[in-house]
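Structures given as structure tokens follow.
Same chain, two partners: chain A is paired with chain B first, then with chain C.
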Partner chain A sequence: MGAASLMTALEVAEIGARTVEFFSFKYAFVARALAASIMVGGLCGAVGTFLVLRRLSLMGDAAGHSTLPGICVAFLLAGSVSTLPIMAGALVSALLAAIVVGVISRGPRSRSDAAIGIVLSVFFGIGIVLLSHIQRVATTSYAGLDAMLLGNVAGISPEQLTALAVVTVVLGGATLLFLRPLSISTFDPSFAASVGIPVRAIHYALLGALSLSVVVSVQAVGVVLVSAMLIIPGASAVYWFKRMPGVLGTAVGLGALSGALGAWVSYIFEGVSTGPAMVLVATTFFLCSLGFGPRGGLLWRAVRRRERQRALVARADASTSASAYVEAGGGL
Partner chain B sequence: MSEAVLKVSGLTIAYDREPVVEDFSFTTYPGQLIGIVGPNGAGKSTMIKALVGSLEADLGDVWVKGVQGKKARKLLTYVPQRGSVDWDFPVTVYDVVKQGRYGKLGLLGRMTKKDREIIDDALAKVAMQDFAGRQIGELSGGQQQRVFLARALAQQGDIYLLDEPFTGVDAKTEAAIVEVLRELREQGACVMVVHHDLSTVGEYFDTVMLMNKRLIAMGSTAEVFNKENLRNAYGGKLAIFDADAMAVAGQGG
Partner chain C sequence: MWELFVEPWTMGAWMWRGTLAATLAAIPCALLGVFLYLRRMSLIADALTHVALPGIVAAFLLSGSVEPFTMLVGAAIVGVLASGAIEALADKGGVRSDAAIGIVFTAFFSIGVIALSVGVHDAHIDTACVLFGDVLGISNDSLILLGITAPVVCALVALFYRWLALVSFDKGLAANLGVPVALVHYGLMGAVSVTSVASFEAIGAILAIAMIVVPAATAHILCDRLPWMLVVACLHGVVSAVAGMYIAVWADVSAAGSIVCVGGALYGLAFLIAPRHGVLVRWWRKRSMDRPALPATSAPVVKGRIEPQPEVS
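So, the complex of A and B:
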């Protein structure tokens, strides 16, 4: 028993040391990883809030998975994991997927959820086939490509970080600038169109923003789990605020915090990919929101119900005592 | 009669080749309170959506006070069906009414004191001022409909198109909405309302538009809201309404 607690103490000391190392910015790659994680979390949180509110959450899943074939093709063409070709490939294939989903769902006989399901699995399937092919003919240079699956934020290059920063600033600015039309067209599209808001253009712009965000995020979280970073912060935030600014701000904050804590967890426990680590942190926040969020959280729902029951019982008591009083021949 | 506010000519809208609204032409004037009546699937909502620009018409022209296109649509005030909206959305009653000022505020315009007064007035007109801070999902159906009406009032237009404002609302709200619409008519507005309850048509509207994909008849309620036109609009389905609807129609003319 003594040995066991000694080991635990050692582990704790080790974790502490690595934590200090992580937040000390002693190493450039650690600082880059932390900055990237925060930006990925915040960016995905903002874009994802609109997906969640428009009931397009699955679109985030499709966008993430569908980048894989583009990444692999770009690698085969360029012959290395250099940043620009990979990003271009990812973007092309994400946009292509969005277009295919649009085309299938527009037809009279199709549902958009089925379209998303088909596109997601077909694109991802092709991507996996290409990835296995690349691994089979592996040269040394393919290292890093498999990190795209589950994310390795420590491997982020300065170019990738720059691209991420640019996209974050541009999309963040655009969200603030267009918050009014974005909110109105999400809440009530027919009214929005009637006051001259370009509803369809906004829809396509949002899908474009989604593709861009996914492309700059996959290095950090991976193509499989980027959808979670898109959906979970927004889905958590609606439990806390009744107005759009609060919801959006909370989603960005929770996303950024999940990113930072996830990167920290994966730094401490070597071998844990950053994607899953961030998602687990985000999920913890979601569970707290579901449990304790004042706007529809489980605890508050239970409290309200109790109050309602108590009020009903009190009313019933009052009426029985009143009738008892009358029956007893009481007067005023 | 005074100058026409809305002039529609040959409006045609098709889903999948099948026309839903066919060759629709009519004119409306200031001070009219118009009931749009017809069976389910008659294209009432579709027609209104095409007028306000939330749906594209395949053929036809729409003039609003002599202008066409985008400029024309901005002169129309639209109240969509209550069911077309996600009521869980994180938005308060005040925010929704504020949306009515979007046309004036634009992308970044700041709300002035006057905007705030307009919003407060609109809320007061529908007796919802005490609910301004509520999230809209916490309201009853009737309250939600009144908030929609307040948003329309905040737009301060004079041509209103309301899609089924009385569906799923309580009697008190229905009376309150009718009151507001009458007031608008007194002020010279032109108000068009998609309406389902044939028994109240005679009481609420001075003008009736009967439609079933095509325009069956339009004119003063007394002249147009009669058995023959109703049968033309509803076909065999009319039997259900016969008793009470005809009583009213009989009163009218």
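So, the complex of A and C:
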């Protein structure tokens, strides 16, 4: 008993020490990882909000998985894990996947959900074939490629961080600049078209933005789980605000916070990949929002239902006739 | 040329075992996939295959064994739990159904990955094997598991064929006729979970979705009737399994990946040149219809030119 509690005390001290280490910016790579996690969370939160509201959530999943073949081809062509070719390859294959999903959805007898499933799995399958080929023939180090699957934010290079920062600033600026047309075309596409907003162009721009953000995020969260960072913050934010700026701000905030806390968790517990850690933190926030969010959260909905019922009963009590009680809604 | 096809089979039992495993995994996946596809629930399959991972890890952590049937039960329970969570989120929580799928499966999958990397130090479950399968080195346990689940799933589909078909095409009618719609639904979810666990070692968690969605989508382009759709989907699964194994051996690449690639290529072919619905075929037919192949009785004027009268036999 005593030994056990001593162990846990030691563990707590160890965790505390590593936490201080993580947030103290003592090591450059830790600082880079923290900055990257925050940016990835915020960026994915912003882009993902629009995806969730447009019912395109699973396009994020497709875009994430489909970067893998591009990454592998770029590695085979460039012969190294240098940042730029890999990102270019990932971007090309993510865009290609978005196009193929569109083609299949408009093709014969297809269903858009199946289109996403087909593209996601076939692209990922090609990626796995290429990855196994690389593992067999590679002469140079391919160590960075494995991290792309589940994410390793500590391994982020300064170039990747720069690319991430540039994309974050550009897409963030574009979102703020075009917030009105973006929101209008999201909530009411036909009205947007009638007032001259280029709805189709916005749709394709959004898919482009999605591909870009996935590409700069995969190092941190991995291709398999990047969709979670896109979907979960946006889906949580709608429980807190009704208007778009509020929702967007909340999504960015929750995403950034999940990124930072996830990176911290994976730093203090060895062997935990950053991707899953961030996703679990984000899921915790989502569950809190689902429970306690003022807009449609379960708690407030239950409270309001109780109030309505009580009002009904009160009205029924006030009127002496039984028929009024029945008319008011009956029952309890 | 001939040796190329024969040689892999003579190189050892692994080719036989691998092909058997891949085929046994492909057939039930394809059968269940057709019903999921018709119900527009393909992406639920994506969620369930991912969710099998935490199910397996939880079963292992609780029971401490890699005994396949424990894992099967664990994964089936977690699978039904996850599909219930998706529905609850969509119905009661007010989350859009696609977002609900995305949230639930990524959360479950993350738990699985973390539990795997922290709690499990066992050679039998390593991340790469669980994610992408290891069909060439498939274990006896997995093979036996597939040998049992595949016939059972096929038999269940045959037994409940009418219910499944009715629920897939007209849920309201099915309910009116007294079909237990909810039971069929959860039965289907449970079957998908069990199948994805059984095919885990053959194909892995992430690529199992390909074996479920792609055969059904291919069959839907090629067929108009449900029985034929099921047959074609199974054929698609078997052909991609065998051809994928060949490619894996010839090119020395991941078997699961090649199986999926062959499946995707077959889908692409069907998409382009399916007899009735293929894109190229349609385009060709449209083009030949635009041209006056069989003019009417009076000489038609096309772009100012008078076509010669056809000879009436």
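Definition applied: the second predicted complex is superposed on the first by the 316 of 332 C-alpha atoms of A that agree within 3 Å, B and C clash if a C-alpha of one lies under 4 Å from a C-alpha of the other, contacts with A are read in each partner's own complex, and residues count from 1 in each chain.
Everything that follows uses one rule, which is that a contact is a pair of C-beta atoms (placed from the backbone, for glycine too) under 8 Å apart; a residue touches a chain by one contact, two chains touch by 3 or more.
Keep in mind it's a predicted model, so treat the numbers as computed, not measured.
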Which of chain B and chain C A:A163 touches, first, second, both or neither: neither
Chain B versus chain C as contact partner of A:V40, first or second or both or neither: neither
Touched partner set for A:A114, first chain B, second chain C, both or neither: second
Partner chain in contact with A:F286 - chain B first, chain C second, else both or neither: second
Which of chain B and chain C A:V101 touches, first, second, both or neither: neither
If touched residues of chain A are counted for chain B and for chain C, the larger one: C
Contact residues of chain A, present in both the chain B and the chain C interface: 55, 108
Chain B residues touching chain A - in the complex, by the definition given at the top: 16, 49, 52-54, 70, 73-74, 76-78, 80, 84-86, 88-92, 95-96, 99, 102-103, 105, 107-108, 135, 151, 155
In the complex with chain B, residue positions of chain A that touch it: 53, 55, 108, 177-178, 180-181, 183-184, 186-191, 193-197, 199, 238, 241-244, 246-247, 295
Touching residues (chain side chain A, partner chain C) in the complex: 52, 55-58, 60-61, 65, 104, 107-111, 113-114, 116-118, 120-122, 124-133, 136, 149-150, 224-225, 227-228, 230-232, 234-235, 269, 271-273, 275-277, 279-280, 283, 286, 290, 296, 298
Chain A-touching residues of chain C, taken from the complex the two chains share: 37, 40-43, 45-46, 89, 92-96, 98-99, 101-103, 106-107, 109-111, 113-114, 117-118, 127, 131-132, 206-207, 209-210, 212-214, 216-217, 220-221, 251-254, 256-261, 263-264, 267, 271, 274, 277-279, 282
